[in-house]
Amino acid sequence: MRVHRNLQRLGALGLSLALGWWLWQGVTISPFQGITGPAARYIHGTARDTGAANVVAAILFDYRGFDTLGEASVIYTTVCGVALLFAKRRYRRSSHGLSFIVKRGMALLVPFILLYASSIIVMGHLSPGGGFQGGAVMATVTVLFCVIYGSSFEAARVSPKVKETIESSGALLFTAIGLIGLVTGGAFLTNSAAGFPRGMMGHLVSGGTIPLLNIAVGMKVGAGLSTLFYSMVKILEDPTESSPPEV
Amino acid sequence: MNPVLAIVAPFLAAFTIPLFFVFRKKWVGTAVILFGVLSALTALFVAAGGEAVTVMGGWQPEVGIALVVDSLTTAFLILASLGFSASLSAAAETFGYGPWRFYVLFFLSWAATNGIILTGDLFNLFVFFEIFSVAAYLVVAYPPRSWQAIEAGFKYLIFGTVGALFLLIGIAYAFMATGQLNMAILARVLPRAPEATLSVVIGCLVVGLFIKSGTVPGHFWLPDAHSSAQTPVSALLSGVFVKVSLYALIRLAFLLFGSADDRVFFVLLLFGTVTLCLGHLMAFQQEDIKRLLAYSTVAQVGTIVIAIGCASSGGVTAAVYHAFNHMAAKMGLFLVSGVLAEDRASRDIAQMGGLFRHRPLFVLAFCLFAASIAGIPPLNGFMSKWFLLVAAAERGALIPAAAVVAGTVLSAAYYLRPITAFFGPAETEPPHHRPHPVTGAIVALLALLCLVLALAPYIGPLKEGLLAVGRDTVNGARYIERVLR
Amino acid sequence: MSTAFFTFLAAFLVVTALTASEAQDMLSAVIALSVFGVLMAIIFVILQAPDVALTQAIINSGLVTSLFLVAYSQTQKRGDDPDREDDR
Amino acid sequence: MTDPISTTLTALAAVMTVPAALYGWNAARSRLYRLLPWLFLLFAWQAITAPNWLVFVVFLELSSLTLFFFVLSKDRETAFLYLYSQLAGGACLLLGTALAARGGALPAVGAVPPGLFPLFVIGLGFKAALPGLHFWLPPTHSKAPAEASALLSGYAVKMGVFGLMRLVEAPSPALMAAGVVMAALGALQAPLQRDAKRLLAYSTLSQLGFIVASVATGTEEGRKAALLLIVAHALAKGLLFLTAGSLEEAYDTRDLGRLGPAARDYPLLFGLFLVASLSLAGLPFTVGGLAKGAVKAALADHALTQAVLSAAGMGTTMALAKMASFGFLSSGQRKGTGRPRPLPPLAWLSMALFAAALVMASFAALKTAGAEVATKNVLVDSLLLIGAVILFVRLPRIFRPDRTTPDVADLLAPAGRMLTIPLSRLRRLHSGHLTFYLALFFGATLVVLYLLRP
Amino acid sequence: MLPISYGTAIVVFCIGLYTILSKRNLFKTVIGLSLMEGGVLMLITSSGYVPGGVPALLPFAGGEPVNPLPHSFTLTAIVIGAADVALALAFIIKIHRRYGTVDIDKIRGLRG
């Protein structure tokens, strides 16, 4: 059996080295002669087209907004799927959570985390950040709830039905914004052409639909990841308290 | 009708069903059916709309994401909407509307399928493939109680993720070499990329698509997934999901690889033949009827890959025609075997005796579908095999053509085993006899579709449509010119 | 950023990846993976990609690691399994 | 495409199917079963008058399918063996047609690019039971219902020969050798058979050898002789199978050892049997004799082939003599089957039709052949005939109906077992190990990348 | 700078691949997947790197901005990778409840 294991390891090593060598062969490192292709248009056109300061956010939410819709739906699918996998009623058990000091400390900290998360979302088009990052930070709040106070408290504090609603309405908001562009004659997800105010670059209210899309994705990702964590963690602790509503 | 609606309609469905569950629980059923009809109609309208190019956000094709509708897209949109509506009605009957999350996943996979078929941008193709795969893993693992479904879903996930990684590497290298991502522009720019990068791009994309479609190196997950899933789901997997990956293979093969490197088609022929032989030989030894059908799907995937590998308009016509035939016949086979296995409360062929007296129409439908897939002359399977043989002869691919023809004999052999069991004597009376009106109706419609497809070479518009698909796909220049105009 | 520092970071990244893959005890492998995530975030900063660094830091070294730990603790418990007795 | 060959075969199809349908009329359990002969007739007609090879292959396979359902009603294993062999033949033909259609137009039923000749011959070989590919013929004929065997050996096999006729333009020694081997093989196996229908099946094989040999000459005269022999053999063998079927129905057995004095119970049946077997054996002035004479004339410059064919002719006569003596004349110990069951009137009608057709064919052939051809080697033929009968009488030990001889079909079982070894190894390959699957996958990836290397 | 980042990306990818192929614990497979994902992320991001570039925030104070397009792909790829890993972990929990083990060689219920 031992020989077989070593043989397997050697084979695996050989395979990965061969693949690595072949990938390394394919790498093209040409001396830099300026950015070509669509990226040049994004760099020079963002201020004029979208009014957003963060070019990556402009690409994500305006030029290639359709990718982001797809992207947020991947999380939506995963969340819905995992909730489906752990949908059994008998799964609900919740622990007491950690010691008192930690709970009290956490109570102080929550508003600041939420503030930080919403700032990332709303300022997405000005500074690095956006819907995904802000939503993920927001989800950490519920993760901390689960760990520190126990999943039943977390479910009582933010009921799964509310999370479900936030997530779905965030997704609908995103699609609705896209359809507005379609309704006003342009294409799906048009930004400034559909009459969204581009505003002054650098100001909070600028960049047309980008902040709105950020918020939609923030809702979607935030609620989604917290439902994901909740459904995976709720079968962890031992059964003591009453069982929160079934998701 | 703007092509993007074909993608947005199922997305809307998927996003609103949870809201219905939360606020109006009793409307979930009607909502699911209404959304199903809406999505199917939208897809068919977009397909009927004919050639169109629309870019998201109103930008030029190079800047934004382009959705392109040409004859190949129309064909696969029709195939997808037929497959999904059949599977949705079968699922509505077997599962009821209790598990609403299943329907959310169902509509997400529908949106992703339409997305893959319509998109003209490589990275967008990867994103939609990802939604499509994640929804597929979860739909396969649907009843979390049954361990087969969970294990099949897990293996499908690991293989699918490795496939997605290869796709991502291919896209990364293509971007690194050219800086472009729109398929039309890439088709023009890619051949100028350095030789080594080109081989990485094409190699990774081909291998990634091999996994997604279930061709030989990446076929290990397919039999487990298609046989462990519930009946409507396995019908959906075999009928539609496999075809979507083959659509991506056709589109990329003729747009990107064709111009860049002709050896790709030799690779497709080689692995198509190996898949075909392995599929038939493994199906020959199966005891479980659903695993037999799953391995038969692997064999038919091999047939379609050989058709693509023929690198000619005739080859593509054969591939699309065979995709339709296989969808119609295999979905019927899975639905019927699901009902029969449920009656017998076991999937073992040996214990499925005497079902002909029990459900005569279903068994006759099974025979029709089996004869069609095996390629018995008058039916549609034979027609598409003939198109394929002519295309293969055109390219001089003797061994694949011989394999396809030998496959006919072998598939006739292993399809006869369950059929003889059905007509054989029954030791015990089948325990259940739950009425399946909707599934029966769907099976009848699929049988009708089979017969219509059998006459396709003689029906003017159908034959003309299929030949047009072949011509348009092969000449990539027309696609590029229309997108970049 | 001098290339020497970048090479050091790259080397450290590779070492972390090796520990994540070779560690016998699963907990140390998961922690190594989390360190891998943080190092990736730093490298993204060096590569002038702040957005990506932020996302990498939060998602890969934050949430994914917590999910790993949840899954790891699930598989340690041998408790009674509501799932086992009723699967077909 | 109408020419003398296809018109004759179309007429022959009709003449064969009507009595066969009548014979099976009352035995049929379901309406569908009664439809089968007419379906077979329709497909046969379409195949014979097919404009190109594709239509020919399609309808050839459909006719095999109808016969499959015939055999299926009696015995499932043999039916599958028959179906797989016919599908394999159809597959080779389909592949050949596709390759021949490479230019664009579908190839007409006729000559084929030389490279594809062997593929077409193998494809047709499955249908026309060329040596090595004939493993399905004896079991199928013996287990099929009487009217199906009549159609099978009377007509279905001839469609394969029809294909060969169209295919062979120039003389091909290989096909000649195949024909000779078939004739010899059939003649050797037939007299040693225990089962009456199997005996007739092997005699069909040997007669086919005659036909293939005469087709292989590639001359117009050879084809005309083959056509005549096809008609003669079809009618005679049809009647013989019906009589054997009636014997089986009456005495519930096909085993020559247990068949009793049928001549005494059914003198008329014995009369019909005599008519058919004499024509088959090649009695001068019968259509069989004339046909055999024509074939020998066509093979004028192949002395060795003529000699072997004559010997094979004697073998056939001995086989028929054996069937006559053990089936009809011998006292034979019938194990308690009481009075043999009376045969349904329809059976007599169909057999009478066959006999009438045979007699008319003889007169027609006599008229066309003319006096001097008919009497050319009457002496030689009759001598051969009588010699065969004497041989049969003098060597009773060889022809005892209590052992069966090995044949190609026995090779199938061990071949099947050998094939399952690689299959089960392939199945062990799918062992469920995810890491093993991934390793195989990455290995195959490296193969793909090697194939696409810069 | 660039060759080093490409090299590291590919080495990390190979380590991930090696882990998947040689380890028998399901967690190690998922860790391997995550490592391969990390390798690809680094590959994409470094393909957009401009030596001496400035982050792609609009008032490009420094000068030549870095190519922002790969950053959006990497961002999407990170979230997709996270979704895959999360799903894989969920499956592992379910598999463990059924098989009672996480050894990949024992999870061979579906064969043939």
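Letters are used for the chains, namely A, B, C, D and E, taken in the order the chains are written, and counting of residues starts over at 1 for each.
Assume a residue touches a chain if its C-beta (ideal position, glycine included) is under 8 Å from a C-beta of that chain, and two chains touch if they have at least 3 such contacts.
Predicted model only: the values in this text are computed from it and were never measured.
**Q** Based on which chains touch which, give the shortest step count from subunit A to subunit C.
**A** Steps on the shortest route: 1.
**Q** Could you tell me the least number of steps, going only between chains that touch, from subunit A to subunit B?
**A** 1
**Q** What is the chain whose Cα centre is as far as it gets from that of subunit E?
**A** Ranked by distance of C-alpha centres from subunit E, the top chain is D.
**Q** Using CA atom means as chain centres, which chain is nearest the centre of all the protein shown?
**A** That would be B.
**Q** What is the chain whose Cα centroid lies farthest from the Cα centroid of subunit C?
**A** Most remote chain from subunit C, centroid-wise, comes out as D.
**Q** Give, as an integer number of Å, the spacing between the C-alpha centres of subunit C and subunit B.
**A** 36
**Q** Based only on mean CA positions, could you tell me how far subunit C sits from subunit D in angstrom?
**A** About 74 Å separates the centre of subunit C from that of subunit D.
**Q** For subunit B versus subunit D, what separation do you get between their C-alpha means, in angstrom?
**A** Centres of subunit B and subunit D (C-alpha means) sit 44 Å apart.
**Q** Whole-Å distance, subunit D centre to subunit E centre, using C-alpha means?
**A** 67
**Q** Can you list the residues of subunit A that touch 2 or more other chains?
**A** 8, 11-12, 15-16, 19, 22-23, 25, 27, 35, 37-39, 42, 54, 56, 64, 67, 71, 74, 77-78, 81, 85-86, 88, 128, 132, 228, 232, 235 - these are the residues of subunit A that touch more than one other chain.
**Q** Going by the touch rule set out above, which residues of subunit B reach two or more other chains?
**A** 123, 127, 130, 134, 137-138, 141, 144, 147, 155, 158, 162, 169, 176, 179, 181, 196, 199-200, 203, 223, 282, 285
**Q** At least two partner chains per residue is the criterion; list those residues in subunit D.
**A** Expected reply: 427, 430, 434-435, 438-439, 442-443, 445, 449, 454.
**Q** Give every residue of subunit A touching subunit D within the complex, in rising order.
**A** Of all residues in subunit A, those touching subunit D are 8, 11-12, 15-16, 18-19, 22, 25.
**Q** Which residues, counting only subunit A, touch subunit E once they are in their complex?
**A** Per the touch definition, subunit A meets subunit E at residues 8-9, 11-13, 15-17, 19-20, 23-24, 27, 29, 32, 35, 37-39, 42-43, 46-47, 52-56, 59-60, 64, 67-68, 71, 74-75, 77-78, 81-82, 85-86, 127-128, 132, 201-202, 221, 228, 232, 235.
**Q** Once bound in the complex, which stretches of subunit E touch subunit C?
**A** These residues of subunit E touch subunit C: 1, 4-5, 7-8, 11-12, 15-16, 18-19, 23, 25, 27-28, 30-32, 34-35, 38, 41-42, 45-46, 48-50, 53-57, 66, 70-71, 74-75, 78-79, 81-82, 85-86, 89-90, 92-94, 96-98, 100, 102.
**Q** Provide the residue numbers of subunit B that touch subunit A in the complex, in ascending order.
**A** 2, 4-5, 8, 11-12, 14-16, 18-19, 21-22, 54-59, 62-65, 99, 101-102, 104-105, 108, 111-112, 115, 121, 123-124, 127-128, 130-131, 134-135, 137-138, 141-142, 144, 169, 173, 176-181, 193-194, 196-197, 199-201, 203
**Q** If you look only at subunit A, which of its residues touch subunit C in the complex?
**A** 54, 56-57, 88, 90-91, 120, 128-130, 132-133, 136-137, 139-140, 143, 225, 228-229, 232-233, 235-236
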